[in-house]
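One chain, chain A, links the two complexes that follow: it is found with chain B in the first and with chain C in the second.
Right, the complex of A and B next:
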């Protein structure tokens, strides 16, 4: 079991490795040119610094974009300023001279002489690698720009030695003698500086020194890092340095150093062509970098590789790896240098074509591609034996001139993943509802899977559904797509997906609803039937609703699992709510005002009756005291009663209980007093009357 | 000593302002930590980063396994947002781990996660915590044989051209996205019970998630439009998270790529990735859809001051101003679906607020009191219109139920931060002297009492003095 697993794992790894190896690198193209114009933008005709200006100008120069005139005036001005100033640092001079080498500004030879003398002094006394790099680099530039200035180094051997003394045993360099950390980036700078020393040397540098340097370079290549697709790159080993230098700038530095050194020394540096090709692949694999520095590093390194003395990489690229049988596409292969210029005469051979199904057997025999001069491409009609599918084509580049083989690196064979697509024929599609026990056909419907269908079927849990169809390639072979799904979708959005299996050309699935009731959560009702057939090489992949089936399934038992809750629709969830307004209590119904007034009138009738009765009885006030004092008390008594009654009216109208009680108390005392007086008077009068 | 003291005071005064999540008081000054697998991503995804930098974000690029990275310093967050472009990282360097990232989000900070094929368990776990499940098969990618991007070099239909966007102007901007978005990566599903996660970019019904290199014997776990390609989460604390199953979605390559969707004759010069992600990142970093409500006011009709208590059946006016953050300033937010509830256990009144128009009529009449040049008035109205746009207003009658009520504004809309305002206010019944008096229906009763009193007065006189 374990060995089988391991075996499967190895196959998987192998499959991944093969597919990864099949990625295609494209040389620099027009998209790079348009990106360059976007990335390097000068503000007011000048760049932020001369370093940026150089990077922009150099990138434009390599890509063949003519933009010099736009920035010439302003940039030349700052170049002349920098060169003329006696306090400019070597780094500034270096970039000023680099810009000048492209723009060719008018600089006096005298200025060059002065700078050359200063730089010579710096080179002789420098201790840090950057000083060497900038001063020697500047001297080399002066040598190229002005033939009359003497820039030759008197003590070239000494300078060479002091730079070499910073190198480490593993081929990397230190930035200065008091800095113990060694860096790959520094190695590139050192190599460039040393190549400058060699070219500036007044007498020949010791041969043994150069050969040790060559072995150092080979050591540097031992520490190279690899991607799966064959690209190789250099990276800093020390994490602190890694923050400052990305793999791209480190690799670019090494490539510049290597190519510069190879240009000035005779005799080959024995770096294998594969490694150089790997470096080229690394730079091309980046695509189009998004920042100016990376862009410059990429383009400049590729330019260095384009014309180097070690090995010039040739890149095999395919404009299209998806070939359509219906369009009768031709296989087109281009072989270019990294910058897209044409390669020396060569032949491209298609050695093998591995079908993704069978890893070993080649489906075609070796064939040569025809070269078309006009498009500088190699063409081949897709061989007859190649059906639709996924292939790995193995190409080999053979150079016509054997001398070229020393100059160019082709990397042997190249594997490319090719998709051959075509229209797949769909035939004999039918859908059948069967009775489970006997297998007799209940309903049978033909399907046209190329067009629209809207079937209406019905079945119960004792029946089966059978869907079958045939798929054949244009060459009549059986075709097994990656995706053959039958989807049943209930009204409540519960979905069930089945993979349709095949035997040869025939695809068939039988859904026995009796066994599926539990999976279907006992949900009866209408199910939409959808069929998806798709594959990477199938041009007519489709996703089609076939129709619907009404399923009559038994009632769910109590223990049955519930269907999953459908997802809430986010749009409806967030809508505004319905308004609510409060329903107020209705006030109680009241009689009409007229009715109240009539009753009010009626209520005064008893009072009137009382008065009439009194008059009828012939009441009089003859008992009212006649003498002054009792009469006064009598009047006061009745005024008091009237006041109490008035107080009641006022209480009804406006007074509150406390005020009323207070007044009532006062009036009560008063009434008690006057009442007592008048009543006792009346009593004595009536007693006198009785006794008399 | 004095120096130390001054340094300490400086620190204690300034530290709280150096870094915190999006807050309405200090919405600017946003620092983003970007964790990368490989520093080369910095240049291969530069267009995305540039669009952030041009909007004023300060990006701090770090390798995900850098031992010196940390989100917090001295208990304060040094970043306002985190971008995880490190799908394969198994363990972050420094003090960052799953819990630290969750705490970061829990304290209201934003997060962007980009996974990819072979995404590490750590990244998957972070996604799970955000309510998103990536396909468990590590080799599975989203494949779509009917809506892939037509390409001469990519034949395996894993570069998907998707145009099934969420219909929300606030998340994706008001400008319609014309071209499809290119996606290459793994799919995920959102938990249907999680209402905080939204699918922003969904796969087409024919898509499925599987390993393109192996034959399928069982149905894949993710199929059809259930697959989400890009999802967003808005947590309850308004922290926003963007989860994408593709890192190359953000890459310059796909930003610049030409698109032709399979089966459609239309060729687009540029994919919509740039527009899609720029707009989406505006949303994630709270440049859009972040609301604040101020000046919540209510008062009786005809009065200006807020009462301490309402009586039943009072007529009241309620107003609130709502503003939306636009990256640089708060702009009035205009909508017609802001609702207020008058709430005690359940809403008694629920009314849609109208954008305040009434004030408009009042102002010119008030202005005319002052000696203002009449030509100025239209201008002033124009200015005031913009000032008052975000102002919402309504009037209603207090229900005839007394108790402790709340004015509640629960504003939850797709993509917007939720507004939840509540203001408590008691409602009392009528006082004894506030009831109606001298009701005509009671006149007979009054009349009876008074006729009785009149009779009594006459009777006393007659009884005492009649002979």
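Right, the complex of A and C next:
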């Protein structure tokens, strides 16, 4: 959390830093037009509500996009429905009339008369600001759309007083008398409603009331919020989640109210031109908003500012803030109104050019820019004294006609950050290997840093390497780039980076290998030499390999630190992992089938031998009982044993132990019975035989 | 001397063998059958051991059940022989039928275990 806050803070600081340095606001352009077509999209030729339809149509109208025919049929139908219905709320009527003011649908004057009477009644009895706003706004619209209908307010002074009674001492307004919270957004609505009252009044409104209102407006401007780039805006003090308005819609509301009020009252409202220009900068500084509501607020407010009675803001903009000395770029400045239309005759002066290093001293004399009618731009060759670098140019706009100065707001001087780029000359580049003790030169090589080099040097730890070169700007001044690095890179990818220092024009670095052996980890061998010289305003910045040097360093002592392992590529962490191969149990080696069959045959040999032996012994079955009952028992006994053995085979093949034991129990009882009978019979027979 | 002793050893061995044979021929047939059965069981076990030595002991439990089945039944048969032999006065009162019943029962129990172990 803390990190995120810190990050946000840094971004804020950075944003402020950028805004402070370069405050270039571009007027509304074609990118706004294409964005408008994307933001305001009608489904099946109509918008979700008449309010959305009005916002779309109004934005298209301001930007000069003709899309009325696409949505006219469906939208006009709902306008007529809304106006014809006797149960429509003032808000619905208001937006229906607003849409009608653009589309000019066919609406009967009788309908207007009915609505006007209803709205008049509402305006006289209303107690909430929104009711006043919608009813009076609607009446003003009806006045514009139909000349036949009588919309004048009989008791204009009374209504004016009712609305004014909702105002607060700080210039803000309440939405209704029973709501104690005041709002800047409401102030904008109130001003618009009051200007409607003034225009609809059948008799003139008391001048003292109007002048109080004017001072209320000035009070409202006391609560304005500022950005460092000169943009100003209004924000709600009280954050009420239900009706909270964004700074954009609040400011838009105030601008609409202010311009509407200025349009209906005579006499100047003494809002400074700077403030109006600041408001214009606020709307332009937003860029292109991402949602339709914000887009409408921005464009509609700018349109209000474009032709207002207080002061029309003029915006100074530069198509390019990077000027190349090599290409001999001219400084081009445009001055337009906020919507991009041309300004009255004026002169643009370049008053000062502050180098980013020294913010005090101006490097040039004040100069006038030449106006080119065709491109409507002011041009100036880059002054001779401006060398490559980073400057802040200060422009001043001077209107030719002194009458215009009352109408337009130019905002005095405008600061713009300018980058002047050029090719930097690299001279006297050489690389030298020196003997450390006497300083005698061992090898000396000239370098051409503009082209390719492939030097092959060698040195030992008792020697020094010296690299030197000079950098000069096109005007022969010393140039100090942001980055001047020398990099030595060993075969094992161990890198050492040195910053090359300068004294005036000359850049020089001396590497004393005796002092560096430890830093080099006693690694002898070939080192690649790379030189980096770079700057934002240096058109020929480079990063170049200039050859290699064979270093012969002493053997590492035992305690010497090991060279670091090369950094693992951080991206490899996110690469695919090695495949996991599952190890299954390897089946046991089985003997060959033939061998097993042979041994199966061998197993029969003892059995055959047993049977042959029995025959040799002359075994017989003479003892088998001859009488019926014991013979049956004898047979059953043998059958029982066979059954048990068969059960065992079945147990081996498929039965489980419990089934087997169950059957074995039954067979066992049977076998016990018959076995007992046959064996006792045999015993009695043999006993008889003995006794006989 | 060596020749003489060899021939005399052979003669002695022959004489011993003949006397043993003649003595054994006097054994009752029932006991001979049991002896034959014991021999059959032991040889079957031996063949299995040789097979195991040739191809390895996998699956070991099958080998064990095969060999133990043979040796077990041979031991039981020896027990039966001891009980049935009339020379053994110790078992004079025990009828051979009872001894045979024991033999059958023990074999059934033994083979139930063997079958369970066979896998």
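Couple of notes before you dig in:
The working rule: the second predicted complex is superposed on the first by the 491 of 692 C-alpha atoms of A that agree within 3 Å, B and C clash if a C-alpha of one lies under 4 Å from a C-alpha of the other, contacts with A are read in each partner's own complex, and residues count from 1 in each chain.
The working rule: a residue touches a chain if its C-beta (ideal position, glycine included) is under 8 Å from a C-beta of that chain, and two chains touch if they have at least 3 such contacts.
Fair warning: this is a prediction, and the values are worked out from it, not measured in the lab.
Of the two partners chain B and chain C, more chain A residues are in touch with B. By the touch criterion stated above, A:657 is placed in contact with chain C alone, chain B being left untouched.
Contact with chain B, but none with chain C, is seen for A:571 once the two complexes are overlaid on the shared chain. Once the two complexes are laid over each other on the shared chain, residue contacts for A:632 go to neither chain B nor chain C.
By the document's definition of touching, of the two partners only chain B reaches A:582; chain C does not. In the superposition on chain A, no contact is made by A:145 with either chain B or chain C.
Once the two complexes are overlaid on the shared chain, A:645 sits against chain B and chain C alike.
Contact with both chain B and chain C is seen for A:603 once the two complexes are overlaid on the shared chain.
Judged by the touch definition given at the top, the superposed model places A:682 against both chain B and chain C. By the document's definition of touching, both partners, chain B and chain C, reach A:591.
In the superposition on chain A, the residues of chain A contacting both chain B and chain C are 590-591, 596, 599, 602-603, 606-607, 610, 614, 619, 641, 645, 648-649, 652, 679, 682.
Those residues of chain C whose C-beta lies close enough to touch chain A in the complex are 29, 32-33, 36-37, 39-41, 43-44, 47-48, 50-51, 54-56, 58-59, 95-98, 100-101, 104, 108, 111-112, 115-116, 118.
Listing the residues of chain B that touch chain A in their complex gives 39-40, 42-47, 49-50, 63, 66, 143-146, 151-157, 166-167, 190, 192-193, 195, 198-199, 204-206, 208, 210, 212-213, 215-220, 223-224, 226, 252-253, 256, 313, 337, 339, 341-342, 347-352, 396-397, 399-401, 412-414, 439-444, 446-451, 453-462, 464-467. By the touch rule above, chain A contacts chain B in their complex via residues 15-16, 19, 24, 31, 35, 239, 242, 246-248, 286-291, 294, 318-322, 390, 417-419, 421, 480, 482-483, 485, 487, 495, 497-499, 530, 532, 534-538, 541-543, 564-568, 570-571, 573-582, 584-585, 590-591, 593, 596-597, 599-600, 602-604, 606-607, 610-611, 614, 619-624, 634, 638, 641-642, 645, 648-649, 652, 678-679, 682.
Contact residues on chain A toward chain C in their complex (touch as defined above): 588-591, 595-596, 599, 602-603, 605-607, 609-610, 613-614, 617-619, 641, 644-645, 648-649, 651-652, 657, 660, 664, 668, 675-676, 679-680, 682-683, 686.
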